[in-house]
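What follows is chain A paired twice: with chain B in the first complex and chain C in the second.
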Partner chain A sequence: MRKESRYMRDVLKKQETMLGVSVTARKSFVEAMGGQRVLELVLIAVVFLVLVPFLGAHRVTDFAIFCIFALSFDLLYGYMGRLSFGHLLYLGVGAYTVGLSLRYVTTNPLLAIVLGVVAASLAGMAVGAVTVRVSGAAFALSNLAFNRVGWFLVMSPLKEITGGENGLSIRNLSFWLVNFRNPNFRFWFVLVALLGVFLFLRVLTASPYGVLLRSIKEDERRVRFLGYNTYFYKWITFVVAASIAGFAGALTALNYGYVNPNTLDVHANAGVVFACLIGGSGRLYGALLGGILYMLITNLLPIYFQRWEFVLGVALLLIVFRFRGGIWGGLEALRKSIVLRYNASSSKKGVSQ
Partner chain B sequence: MELLVTEGLTKRFGGLVAVNEVNLRIKENEALGIIGPNGSGKTTLFNLLSGFFAPTKGRVVFRGKDVTRLSPEERVKMGMVRTFQLVSVFNSLKVWESLVPCIVWNSDIYHSLWKFMTTAVEEVRDNSIEALKLVGLKDYADSMTAELSYGDKRLLEIAFALAFQPKLLLLDEPFSGLSDVEIGKVLALLRSLKGKTTIGIIEHKISMIVDFVDRLCVMNEGRIICEGKPQEVLADPLVNECYWGKEEVVEEAPSSSAL
Partner chain C sequence: MIYAIMYGLTVGAILYLISVGFSLTFGTMRVINFAHTLTYTIGAYLLVASLRQVGIPFLWGGVVGVGVAALVGYCIERFVIRRLYGESLDYTFIATFAVFLIGVDIIKWIWGVYPKPISDPIGRAAEFFGFVFPVYRILVIVLAILVFFGLEFFIRKTMVGKIIVAALDNKEGVRCLGIGVEKYFTIAFVLGSALAALGGVLYAPITAVHPYMGSHILLLCFAVVLTGGLGNLRGTFLASFFLGMLISITGRFWPAGSEIVAFIAMALVLLLRPIEA
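After this line comes the complex of A and B, so read on.
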């Protein structure tokens, strides 16, 4: 009985699709979206898994962490249109908070991660309250200035506890089942973290909030004349981006078992800007792709090329002058033109018939 | 009852007095036209009313409250919404998306944030399409705003404003750069609003709005030189002197006015 009725339903469904009508169009669309999200996550996971045999789990973990950082940067730059040269500050705050709290506060790395994210978001709240008031070069440079302040604090007045140039080695990397000494554990942990961050940002940017961010990106003044205190929304977004960056920093510290002062190095900010540009800013996939490519270029090219930075430079020039949407944007445009051509040719056929 | 009153409103740009001692009154639910030659200070007056600039001198009182020092967004909260002389919409968004900020908006900032986080996109889209129906742009909901004609962009910008159900709607030259057909569309829309909300409308060509407005103010060199019923104003010799000859001058092309 039951089998039959299911069979009947399938037949009906087939007829529906053959007729080109779908009775529950709306619902099935929503369902499809849910299904699509899962599929996206699986695909991303597969990409990282495929890389493991070639590069090793530790390095791929590093790539995934950088992708988390690039995603957080893309929220700020790609979606809200605010280019910061000081985003590494939050990576550093996350990393140092993990290192210090595992020394002085707790033996549980998970709690340390939470503390790292909280510290980065507090830093983001304080710095953002000042910097989101301006935009353009002033925004980029005021963030750079705060990043430098952070670097200075770690290197000089707080040297006793941060270890200054020597960095900080982390104790207590394992706790119950959580064992950050095991590279496979680290890999899976970070991969799940990346998927979580991606899903969160995917939902956020697809929501009405994402639309508001893009309207602020295009014309903030106009949004103010629609009754928005844009500072508030920019600040919230800045804090969210800082928190995710802090999360990436916390993971960096645990992945290496050591906090490197380079996590705070202002010069490294160029790297994440580059990653977003090459992949395509304002597209989460662009940030992922750019993150992976940037890590591949900086990790592998130096082995083969002495002047590997030359490749970076050429790629950047190509993007700025030729592919404004980055690689992902280029792929999107390609798909669009193929679909258009396909539609045009099929409608032509329709006419001739 | 007066919805908006200005007292001695003045704006200087260096040596130039763009708006000079203007005492404007807009009554509730009337349609007030503001006309005057190019450069007479009409747009600057709207900029002062809407909070784009702070005045050099004078006060703006809206719904009985002094709003002179309030930010643009505070004034929107009180029900004053404007459009811009050069159409100002979001070209990088789809047409339905560009209405999202107007639809999800709430005057309480935290409530607004909450709505942004919790409202389903599909629901916002439905509301947005309802709002687009009102201005006849429903069929373009999924197009990019950048692809709309200038006239349709103007209708879209008016849809932004209407989504707030404003107490006072300030329109800065809503017909400039439009074709006759498009002007007809905008005018029909405005007529449907007349009497339901208060409208302040700037126009450069008198003939365009003379049948539409209840009252006309004529500006020249930053001052209101005459105001009253449209027919009375047109008969005024002072207005004729400073204005009439210039009235039907060559209309600006949309491209040049867009710059």
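After this line comes the complex of A and C, so read on.
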């Protein structure tokens, strides 16, 4: 008995020390992560700033907005593993809400952005409550159906206020210090917004909640067995993704000073899926990289080559058959193999000495 | 009102022809085939081309359309979908969507983007109790019902059909009996593509033929398949006529709503009875 208790005490002591170590390790880890995050944000900002002289600020602003949208899609598809073909609905809702609220409700663009995000999240709550109950292709296509419903609502029954095919021009773009008529202000505003969204998603996906999302992607049934209400988590994620997409939509509207029904176009969903896949889904950097690449392709390719939809299709097939991880996944694999080879060679040296 | 019901029956018939293949492929192979309505578009376009450029009668144009679309369906199955059995649904979805993009772009390349209207090949109208119906639409409805009974016969009486239904239920079990399931999947797929093309051929004189005609009907098909139950062929039959009637009757009282009422019905069905797929 006594022996056993001593043993137990030893174990406890050991555990204590281990816990202590782990706590301190965690602290330094968190600090390192903080530093790393700042570094990451700086890096992203530098990449976008480097692009400016080549493409012009207005185009890079476009790119950054699309990247925000791709990030929101990546949360849904890459992290939770739910492919939606109707994510553009929230972009459109955000954009139209900003347009309409600046016309009828307020003169403050920032308030309009908030309203746009709220409207998109409300739409996400309503649609998500239905679509989250199914998964796989049914999820993708029912979202597509809702996107189509939204497009139809804008084009036909709400034509009087949304302008139908003609779109909606936005009034009151400037307010106090906030002047969305100035391209430089737009660029900086969007860049800061992108960094904010990136940071938010970084924290979110690194949290236990993010781990839960990835486990839902791997095996939802097991997560349910562990006692989690997966519908609720899926719904919340859907709403978060919809809100961020609505934010991107609000920025799109303010960037162009004009909302057209193409923001809701069902076919454009392929673009964001493509962006996530080409960059590497399930990785925030992949979404960023894919967003930039997709925008480069669609902005520059049609100048030289008319059949770019064809190219897009072929590239998608190639990704599905050969490069599942996308470009970022390929880079990660490359780095891993290099590290492995380096480790192997250094350990061999150790042995030989 | 009678006319609305008649139109609803026509739409339901077309929806049935297109979505039954969708239901078959989804049920058997667990593949959402975005390219399914590509064969529908190809069928309609080949009909237009053979009527206008070659100048052969409607019937033969339809045969050419269905035949070539079945061939295209076979190629899609052979070169794209066969590599993706057992993979995550997302990848098949994206791959078939890529095929859809490529196909639509090729169609735009060959025939241009402008809609091509073609006229009713029969052009006569029959009169019942003082109501005038175009004979063509009655023919479409009769054809759909014939296809339904033909499929029922094919599935319940022939060996191939029985194997397909068994594989729908339990793929592994059928494979354990020493039957090469893939071959029968190919048959089901080509059959579905041919039926979709038939739907396209029949629908072409009622609506206009344009490159993106497939993407809209695909959504309706999907609503039909989800409402009727995945891989449930009788359910698909009932659901397509039900949704066709719903669309047409809503269109009579609230024209703007006819486009979305099918999706509302689908959402209600999903809410009441969630599907794991």
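We adopt the following convention: the second predicted complex is superposed on the first by the 321 of 353 C-alpha atoms of A that agree within 3 Å, B and C clash if a C-alpha of one lies under 4 Å from a C-alpha of the other, contacts with A are read in each partner's own complex, and residues count from 1 in each chain.
In this section, a residue touches a chain if its C-beta (ideal position, glycine included) is under 8 Å from a C-beta of that chain, and two chains touch if they have at least 3 such contacts.
Predicted, not measured: the structure shown is a model, and the values here were computed from it.
> For A:His58, select first, second, both or neither according to whether it touches chain B, chain C, the two together, or no partner.
Neither: A:His58 stays clear of chain B and chain C.
> For A:Val211, is the partner it touches chain B (first), chain C (second), both, or none of the two (neither)?
First partner only.
> Would you check which partner chain A:Arg103 touches, where first means chain B only, second means chain C only, and both and neither mean what they say?
Neither partner.
> Once chain A of both complexes is superposed, is A:Arg202 in touch with chain B (first), chain C (second), both, or neither?
A:Arg202: touches no partner chain.
> A:Phe146 contacts which: chain B (first), chain C (second), both, neither?
Touch status of A:Phe146: second partner only.
> Quick one: chain B or chain C, who's touching more of chain A?
Comparing touch counts on chain A for chain B and chain C gives C.
> Given the touch rule stated above, what does A:Val130 touch, chain B (first), chain C (second), both, or neither?
After superposing on A, A:Val130 lies in contact with chain C but is clear of chain B.
> Looking at the overlay, does A:Arg37 come into contact with chain B only (first), chain C only (second), both, or neither?
Neither partner.
> Once the complexes are superposed, what residues of chain A are shared between the chain B interface and the chain C interface?
After superposing on chain A, no chain A residue contacts both chain B and chain C.
> In their shared complex, at which residues does chain A touch chain B?
My answer: residues 26, 30, 206-209, 211-212, 214-215, 217-219, 222-230, 232-233, 236.
> Which part of chain C faces chain A closely enough to touch in the complex?
Within the complex, chain C contacts chain A at residues 26, 32, 80, 83-84, 89-91, 93-95, 97-102, 104-106, 108-109, 212, 215-216, 219, 222-223, 226, 256-257, 259-260, 263-264, 266-267, 270-271, 274-277.
> Which bits of chain A are touching chain C when the two form their complex?
Residues 77, 81, 83, 130-131, 133-138, 140-142, 144-146, 148-149, 152-153, 156-157, 266-267, 270, 273, 277, 307, 309-310, 312-317, 319-321, 324 of chain A touch chain C in their complex.
> Would you tell me which residues of chain B are touching chain A in their complex?
Its residues touching chain A are 50, 52, 71-73, 76-77, 81-82, 88-93, 97-98, 100-102, 104-105, 107, 109, 112-113, 115-117, 119, 121-122, 124, 160, 164.
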